[in-house]
Amino acid sequence: MDIDLDPELEAFRSEVAAFLDTAPTAAIREAGRKTTSVFAPFDEAMAWHKILHRKGWAAPAWPAEYGGTGWSVAQRYVFAEEYRKRDLPPLLPNSLKMVGPLLIDLGTDAQKRKYLPGILAGEDYWTQGYSEPNAGSDLASLSCSAVADGDDYIINGSKIWTTLAYRANRMFMLVRTDKAAKKQEGITFLLLDRVDYPGMTIRPIIGLDGFPEQCEVFFDNVRVPQSGRVGAENDGWSVAKHLLKHERGGSAQSPTLRRYLELVREAAFATPSPFGGVLAHDAVFQRDIGALEADIESYQHFEKLSISGHAIGRDAAFPSMNKIMSSELSQRVSVMMRRVAGLEAFSLQLDALQVGANVEPFGSQLDLMAMPYYLNSRATTIYAGTNEVQRDLVARTLVSRR
Amino acid sequence: MDFNFTDEQAMLRDNLARYLQKTYDFDRRKAIVASGEGYAKDVWRHFAELGLLALPFPEAAGGLGGSIVDVVAVAELLGEYLVVEPYGPAVMTAANALARTDADAGGLLAQVIAGDRLVAFAHEEGKGLADPSLVALKAAKADAGYRLDGEKRYVLGGAQADRLVVTARIAGAPGDAGGLALLLVDPAQAGVTLRPFQTVDGRAAAHVRLDGVVLPADALLSADAGAVIDAVIRDATIALCAEAVGAMGALLARTADYAATRKQFGVPIGSFQAVAHRLADMKIAYTKARATLLYITAQAEAGRATPRDLSILKGQAGQLGIAIAEAAVQTHGGVGMTDELAIGHYLKRVLAADAMFGTSEYHFRVLGQAATPAKTVTPQEGDLP
Amino acid sequence: MDIDLDPELEAFRSEVAAFLDTAPTAAIREAGRKTTSVFAPFDEAMAWHKILHRKGWAAPAWPAEYGGTGWSVAQRYVFAEEYRKRDLPPLLPNSLKMVGPLLIDLGTDAQKRKYLPGILAGEDYWTQGYSEPNAGSDLASLSCSAVADGDDYIINGSKIWTTLAYRANRMFMLVRTDKAAKKQEGITFLLLDRVDYPGMTIRPIIGLDGFPEQCEVFFDNVRVPQSGRVGAENDGWSVAKHLLKHERGGSAQSPTLRRYLELVREAAFATPSPFGGVLAHDAVFQRDIGALEADIESYQHFEKLSISGHAIGRDAAFPSMNKIMSSELSQRVSVMMRRVAGLEAFSLQLDALQVGANVEPFGSQLDLMAMPYYLNSRATTIYAGTNEVQRDLVARTLVSRR
Amino acid sequence: MDFNFTDEQAMLRDNLARYLQKTYDFDRRKAIVASGEGYAKDVWRHFAELGLLALPFPEAAGGLGGSIVDVVAVAELLGEYLVVEPYGPAVMTAANALARTDADAGGLLAQVIAGDRLVAFAHEEGKGLADPSLVALKAAKADAGYRLDGEKRYVLGGAQADRLVVTARIAGAPGDAGGLALLLVDPAQAGVTLRPFQTVDGRAAAHVRLDGVVLPADALLSADAGAVIDAVIRDATIALCAEAVGAMGALLARTADYAATRKQFGVPIGSFQAVAHRLADMKIAYTKARATLLYITAQAEAGRATPRDLSILKGQAGQLGIAIAEAAVQTHGGVGMTDELAIGHYLKRVLAADAMFGTSEYHFRVLGQAATPAKTVTPQEGDLP
């Protein structure tokens, strides 16, 4: 084992810090402070994406030949750390972390040429059309259908939990192309150039936090070109599964958790305890935040080991363990936020949470973000495969089930 | 020992449940919340007709002389139907304070009971004031009356109220049990500034600044109000816990229904042991919370509820309520995360109930702060031969 | 609702208190203090049983005509409270709470005449033969067989978790009498007059706490009379299920939990905190013990409501909920014990735990009992139907499973 | 960054694992525990031959100059095989203290390394001494040497040791970081009373009373031993956590095997989602604990492990270890409750590991006691426009 300090890495850290200190606009910084979801405020996230792209830093995880940075995993971790320290808004993940890498691996040359530049530059936002009202955890039972018609497909059905579809200009989706085949076998992966094809209707869904982050998309005889198909017809399930591999390694969510915990701790120094003094000096608060801090650090060690190439990152259960740990830690952090904010978390301040809103919040920044972050984070154990499904997958690496 | 509702209480519950079922479905509630007023006049009027607004007050004051058990019988249903009307804030706290101070205040209590006027309780000062002795807002003697300076926060129904019942410190410093007063304030009065807002759980509330608000002598409801404030908070806490328990019951029933009907992988999701066991834990939590509610309310009716009992009830209602609600959201999956389903609104309601009058964290710790036990601690000779 | 104080009840309390203050011997009191299991030290528990029997108080839950006390449920609760306050050892449950009530309900007159007096008087101790090495949670798959032969059965097989079998003189058990029948349908309930029939071998099993509380019993062509059968041949499953009903209502386990919590709290006043002062004044200890105290009180309210005849006690899930709550609370109490005892819990003091042992313990009474109680209580979520099985049963009252 | 064992470390692990697999099965361990000696001479001799007893010490002192990573590579296996021999107490604490004070003491360290003599560390004073500054045992100047009065508890291997390395207070009061000394005591000396006992996890230990024990001047190993004690406890803590992580890995593997083979209701119990999810949680807990062990050990090797890192490691090893072990017992059901299966012995081992050098409760709280953050706390103007 060896993790000597690397002077080159520290030089890199300085370069990153210098850029991140100066490049973001005031609105982008504000959006970062008002991010209470995995999805940052749309306009500022896209504006920041474009700025990072101009610097060449929009897609550190991409291969260099497609516009990636060519950084080592350690450099990527340093970048993530410096990024979070400054409360900058995360770039929207659907394009950069999902459809982009998928196209790099499985897209045709024509698809790559057509779509990758817009993804990399932050010109396009892709919404994800996987789930359906009756196909959630049991995704393979999806029924939204595409019937071939000449060079096109005709799509009928609906998709739900299509994040920010009403702000998207493109969509990737799974459709059923063979109703006779077994569940997973009749599914096809499609790219849609537009979300305003005739027959498409988008309905935003208000979430518990009061924001229309999710949407439902209805398809009524929507005609789309077959050229948007990734992989073979009826082979969409393996295409979708391929996406999973991009969740392995290279991710760095612990800096966000650590930063949020730091915000909680800072706020606790300004929060009175009903037992006297400030909350930060209260023994119960200290024990509870200490326990959470230790668990976040363990998660960070887990991430860093996987980034370093240690076998822990190649465990078949890695993606599921990663998802379980990060989602449950973010919920625990959100509970600590709510606890520190106390009753002050209970004023609905949707206006004040808008970037650029000229509305004075009722309390501190933590008071403002605690409740929407807490509520939004309830979804982390549900989306992208519920944690129940993830635990099934982890257990399968230990005991095979019936 | 009998912990069942009386026939009269059961009848009152039936009447209220029938009314709410007919009139107060989730869409109606949404509309009331969207109005920003925090209540619907017709609903409030009907509550008055049912006698709910008169329920806890002595007959001499125009009330029905109901007990705390009567209140719980009602409040459970208010929680079950997610009623946003300020029964707790207006009736169980503000009007309760009026009744307990014997203040006529121009027949204000009678008007509240009739549903003609609203009162609000201005007590909270930020971050969840668990202990009334921490009240800091100052009431100074001024001319023939008093002068108020300070801020009250999270005054539920504050912007809708005709009068505010304000807790204030007339002597001593925050932390002193004595020196607390109750005063009646007209929100239209000079020096009173309201910042109305909506709470996360759909209630109308306001932060209230009081800057040099000069009150006449008769605005003083009580100059030694510690015991009254304690009693009001005790009653309001029990009613709030009953609301929370009602919400828990609804969450359990709705989630069990959903698990029985929602299919994934070709079977109801309740077939999965992980879901089934979560439901079992929800039922256990609900059963505990309701047993504690009924037992301690009976103690309170008999005049035997101690501060310890109140901490047990409030602590359990808060912790078990949040556990049930979070489990309900998780079991509902994506739809549980939407504003369109009641589930998330129940979650917000039990969170708010926990945050008022001391969280479960607070009350558990208070419970743990027991005095040295009477029995001597060191093992005696011969104890272990 | 009405729970006015009852002066008669208070008079009864005084009567109980007076007796319990004077009747137990020093050894019985010592056994109570050294009880770290549901099963108290055998000799003293049986001696105490006989004393209570002479007073007429051995079986408060039994019908008066069979030797019960005729007390109201409230009186029984008061008795339990006063009993626990004095740290008296519980009577062994197998005879009084299981086979006795079963015989009262389902035994023949001859069986009642033959067995009930010895049970009531504390002359007999019955061990329970249900589980087998391959039939635990799945009890109905038991294979220990009884084949009719004249007026006898010939038993072959083995039973495990037969508590204190090596101290027992009688045994009740389930045997398979029809191998062809469906699982539950070929089972018979038998009473054995002796545990030293030719062909019976008893092997004590040392538990985690170091004590031989459990046993395994082997049957090699053991001939027992058919007159010991309760109910019809092959109807033993319904007989065994009938026992469950005796777990409903009338039980009073919260006094024990409350008393143990009190012991923890008392010890905390004599235990230094590494953060200064004594543990009882430590905020974290206070929060944690407060949370546990509140949950025990809720369990007590649940018990009292059921005792009062409230509908909560008639819920189909009542027995399972009761078992889950009491077992998990006793584990939580045991963890608090261990926490207060700290490192001092880690000396193995089997000798000092023997009643009448002239061995000075290394530390306090809590230090002595914390670890064996903690270890023994790990079994509470396993025996009498694991808590997983109990949760299945609770869930079935909400959603029917496949 | 590389967190893998080197080829040399892997070879050492292979050798040790082969030996333990062949020689140290659960029955052998039982026999060693039953002997009451707390160790087997042949096993200890073999450890000496493998170089384990020399591993962490400088070559100048006859050691192998191994790093803390080498120690972890070994200690994980000791935990996996439930080895009761006092590697931690004798080598990582007592001998480590000798090595760090450069005390020759008549060639004692060399004899320990050779496996010819045993030493024990007498430090604990009851209830789990998390913070060395709390040491109270007094070492007073007397004649040409020192006089010891007080008690040491839970001295692991104390009754087997040829010499005790004793921490004592030479100045100041409990709570002072300074004033700590290390002294060498012959247990046969007048005034030393040992009460030997066995620990719950099968180790030989003793409580040691020191009543007016007069020592010559050369018994003093260090008169300013704070830094040495801290370093010794740091090393011993890491080794102990490695043992705990090794035990966790064994618990996970054995429980997964059991769940895959034990049938109830006609299927392996691992088919039940409740069991499967518990196994998943065990794996997650083990993965976290091991990641933290490897990461922080690497930091320690690089000289960068902070007290905060140690608290994270000790806290996580304790909490996650107990969670895994309790889950393992529950999954095994009845047989998990017996002395006959290794499962319960692993539980006792991780419990004991948690109790030494500060429990997880203690370390989490220490972690929470962070100083005021450098960044200013109050929101700045313009932060939220």
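Chains here go by letter, A, B, C and D, matching the order in which they are written, and residues are numbered from 1 within each.
The working rule: a residue touches a chain if its C-beta (ideal position, glycine included) is under 8 Å from a C-beta of that chain, and two chains touch if they have at least 3 such contacts.
Predicted model only: the values in this text are computed from it and were never measured.
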item: Of A-B and B-C, pair with higher C-beta contact tally; value: B-C
item: Most distant chain from chain C by Cα centroid; value: A
item: Mean-CA-position distance for chain D and chain A (Å); value: 41
item: Rounded Å distance between chain B and chain D, as computed from the means of their C-alpha atoms; value: 51
item: Residue list for chain A, restricted to those that touch at least two other chains; value: 275, 283-284, 287, 388, 391
item: For chain D, residues that touch 2 or more chains besides their own; value: 272-274, 277, 361, 365
item: Complex contacts: residues of chain A adjacent to chain C; value: 275, 282-284, 287
item: Chain D to chain C touching residues, read off their complex; value: 124, 126-131, 134, 153-154, 195, 197-201, 205, 207, 263-266, 269, 272, 274-275, 326, 329-330, 333-334, 336-340, 344, 347-348, 351-352, 355-356, 358-359, 361-362, 365
item: Chain A-touching residues of chain D, taken from the complex the two chains share; value: 1-6, 69, 252, 256, 259-260, 267-268, 270-271, 273, 276-277, 279-281, 283-284, 287-292, 294-299, 301-302, 311-312, 315-316, 319, 360-361, 363-370, 372-373, 375, 377-379, 383-385
item: Chain B residues touching chain D - in the complex, by the definition given at the top; value: 272-274, 277
item: Chain A to chain D touching residues, read off their complex; value: 1-5, 30, 33, 74, 262, 265-267, 269-270, 280, 283, 285-291, 293-295, 297-299, 301-302, 304-305, 307-312, 315, 317, 320-321, 324-325, 352, 356, 358, 360-361, 364-365, 368, 388, 390-392, 394-402
